[in-house]
Amino acid sequence: MSCTANGVAAALRAAAKVVAEHRAELVELDRAIGDGDHGENLNRGFAAIVASLDAAVPDTPGAVLKLAATTLISKVGGAAGPLYGTAFLRASTAVGNASELDAAAVVAGLRAALEGVQARGKAVEGDKTMVDALLPAVAAAEKGTDVASVLQAAAEAAARGAESTVDLVARKGRASYLGERSAGHLDPGARSTSLLLGAFAEAAR
Amino acid sequence: MSCTANGVAAALRAAAKVVAEHRAELVELDRAIGDGDHGENLNRGFAAIVASLDAAVPDTPGAVLKLAATTLISKVGGAAGPLYGTAFLRASTAVGNASELDAAAVVAGLRAALEGVQARGKAVEGDKTMVDALLPAVAAAEKGTDVASVLQAAAEAAARGAESTVDLVARKGRASYLGERSAGHLDPGARSTSLLLGAFAEAAR
Amino acid sequence: MKKVINDPADVVTESLRGFAAAHADRVRVQYEPDVVVRADAPVAGKVAIISGGGSGHEPLHAGFVGPGMLDAAVPGAVFTSPTPDAVQAAVTATTSDAGALLIVKNYTGDVLNFETAAELAAAEGLDVRSVVIDDDVAVADSTFTAGRRGVGGTVLLEKLTGAAAARGDSLDAVEALARKVIGQVRSIGVALTAPTVPHVGEPSFSLADDEIEFGIGIHGEPGRERIKIEPANALVERMLNAVVEDLPFAEGDRVLLFTNSMGGTPPVELYLAHGIAERLLADRGIAVERRLVGPYITSLEMQGISLTLLKLDDELTELWDAPVDTAALRWRA
Amino acid sequence: MKKVINDPADVVTESLRGFAAAHADRVRVQYEPDVVVRADAPVAGKVAIISGGGSGHEPLHAGFVGPGMLDAAVPGAVFTSPTPDAVQAAVTATTSDAGALLIVKNYTGDVLNFETAAELAAAEGLDVRSVVIDDDVAVADSTFTAGRRGVGGTVLLEKLTGAAAARGDSLDAVEALARKVIGQVRSIGVALTAPTVPHVGEPSFSLADDEIEFGIGIHGEPGRERIKIEPANALVERMLNAVVEDLPFAEGDRVLLFTNSMGGTPPVELYLAHGIAERLLADRGIAVERRLVGPYITSLEMQGISLTLLKLDDELTELWDAPVDTAALRWRA
């Protein structure tokens, strides 16, 4: 895949497919330590992204990411809506209006996404949130050499990061109300971050 | 037992004991084709009768029966309250103010009770109600020779009458709402009539 | 059974204590026998409107005591009609020379106990009449049954007779109005789950995960028919058809639509059902001119809904709109 | 799952259609994004009071739209906070030069989405402020959690700020009042059963027959602690202690006591609990001067109750008593 507007659009479609496939799993994870809507909400948002892309794919990778951002912000709701929305919005700004992204641009986009999530949600590593997947993903991505290896490294690190949330006690989001009882469960947002990056990496291969 | 005021009071205490023992069974029967309160309601009423008798036993059998009647009317509620209340009230009137009841008086009391239930509730034989226990009980009672045998015959016939309600489709009371679905269940009021007469017979032995 | 209660035998009385504390501005509660009375009763010269029945259907009836509706409510034990002496106490507390109307839901127990109370009141020289409401189309109305049950229509009947009494109608007029309303109100109910009576401790009936009771009453009596759960569109249409075709209601009729929760069904589902019913009535050319939506006649925590239709005319509409000021129903007051 | 619904994805919108039909005299409903607005909005010169959040807590918030309370409610998907564009639509429909106050329950999602909306509104030159209510004493209030949740106190806050706006208070004054109320209102909830979110199709958590969740929220999040069911006397005392000792409320205080059903708990249990709470407060020398009892902030069909205490003074009492005319809360109107 080349990282053009169409390439990013294809990656988003792949992500939408993965989210749809894992909708029930994400609901289940959120039901255990939250309110059970994470899968439903993300699925609604990504389905809306696909519908928009079906109508028209914007000109640049940045514009595609911005479309994803505004769609997520206006369709997802909950905590994940503004957080993922901000992530895509910041990534969009970071990559500017280049017509194709190189490895460095993708890394910059990922880093901007992480900063956006942290700026909005104030979560740090170890709070048992999507940050625990995204933060190691960004660190790993910096070691990649091309777009595919950047995203592959990010996805692998995100998967490990998500797994690491099982043992954590939540300190942000709805799961934090559970206190100690939140330990022993995978964080749904960390899991969805890992799924999204996995889908992007797969699409980039 | 001689059928004096104290004798009738003892029979009512015996009945109260039986009702308490069968409270859950009567609730269960009523739950199947009614609203599940028959055991609770009767138990509340008979417990109140015992409390009144503990305070003072009226002078005559008729007065004791009247006390039972007014207590049932004011404590039981539902369909069974006014029906049993009327039964005891009519029985009380029928036996007058004799100080001891003979077999004929007991039979007259039972017949008056049946007439009272039918006058108030308008049920005929086969409607799947307490009438299906009380009506054959009165018929059988007429063949008894002394108080004990009158009540024994009545109790036995009431038990058979109650059993006969299993196959019937209810046409009176709450169970009638079920239509055909009421068949296959013992009528709770028929069962309680059989229990009461059984307790009286036992007390009279 | 999990309930916020102490001893099941004390549920009604303890609940009344809370009700009395919460609504001391509107009601006065007497105990043993338990009766809920308008704070300013008896209202001289006004016909008293009295209703009652087993508890567990709240806000019916206590929640409807107040100006413009009931003068007294007589709560029996849970799902058990009250005794005549309790009804009698309500009559004594509220009835002036203008007399009283007893609104009785058609259940054997209620009818027998209220009948007895009316006899007692007559013996005291009071003019006490009673009407029996039997609006449930689920039950075959035949001399071979106890007849139709009184359900959702009761709420409307209490409001309308309450308004008539409030504007000074005579007992004759209020009684005639009541009979008219009873003649043109019809209801049907459905249950998704069973209620649990405190002293029983277990659900009144059991339903499979895909089953519902169609034609349910309000006492946990099983319904007339057990059917498979279906989408709301189909279910509401099935319910509405049963009601519309019974009276029947016809094109051009003006109606009040009352969409009632049986207790456990939350507002989000109730309003959804109400919206469907509005649409289906519009399709039939029946004009919904007034509506009531909420849990007003319930069966403890039972999940389910009922639909009630009342044919309106100018008089009934005016009485419906008249001020009412009770714990559960309140407008223009 | 048994519910009176069609497609789970359409539940909120279909329900709003029924709500719009039932309450056309009081509200206007806009769709996509879904917003419930006072029929006569915008009210010139009046501060607009706007709230919202995930659906499934009805009557909160839509049931509180009307004179004396909210100008608009923004319902999200079930248990999911609404998106900024929906909040924005509510602001646009209701906000005059007097500005608007957004009442936000403290959940990460709500705070983030409403924050974004407030930024958008500010960009359009409107004076829109927001306050975050966090009255739930079950959650440790620390920088290491998302903070306390907004629960029952929200209902009281909406009523009081609505009354202040109705009498013509400035946005500064209404905002200050809101912060004062938030400072002196505290709540605790308990769940006996779990709610079932339509698109999930199964209960949000599972409880053994003898277990309850103490310190439950309103979204089917498990509570803070799982305890054995206990008699109402003990349970209400446990709840009240948690609330009273938190602020703390002290002897001599005047309070409003709000006894709330989480949805599935019927009135008979709710009033019973209310009665106990009244008694326990009297024992502590705390004067209950106003009360609200009913299902006002719910969690779908979840059985359970919550207790909310608000410290009153003359100003708050006057604002509480002021007229309100909404679908779910109505007096002196």
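Lettered A, B, C and D in written order, each chain numbered from 1.
The working rule: a contact is a pair of C-beta atoms (placed from the backbone, for glycine too) under 8 Å apart; a residue touches a chain by one contact, two chains touch by 3 or more.
Here the structure is a predicted model, which means the values were calculated and not measured.
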Steps in the shortest chain-to-chain touch route ending at chain D and beginning at chain B: 2
Shared chain contacts [chain B and chain C, defined touch]: none
Most distant chain from chain A, judged by the mean position of its C-alpha atoms: B
Chain centre separation in whole Å, for chain D relative to chain A (CA means): 32
Centre-of-Cα separation between chain C and chain A, whole angstrom: 54
Gap in Å, rounded to a whole number, between the CA centres of chain B and chain A: 74
Distance from chain D to chain C - Cα centre to Cα centre, in angstrom: 29
Sites on chain A at which at least two other chains make contact: none
Shared-contact residues (touching 2 or more other chains) in chain C: 78
Pairwise touch network: line, ring, star, complete, or other: line
Touching pairs - complete list by chain label: A-D, B-C, C-D
Contact set on chain D toward chain C in their complex: 2-6, 11-12, 14-22, 55-56, 58-59, 63, 78, 192-193, 209-210, 212, 229, 231-233, 235-236, 259, 263-276, 278, 288, 291, 293, 295, 298, 300-301, 303, 305, 330-331, 333
In the complex, chain D residues that touch chain A: 9, 33, 54, 76-85, 107-109, 112-113, 115-116, 138-140, 144-146, 149, 197, 199-200, 202, 204-205, 217, 219-222, 224
Interfacial residue positions of chain B with respect to chain C in the complex: 27, 31, 33-37, 40-41, 44, 73-83, 120-121, 171-174, 176-179, 181
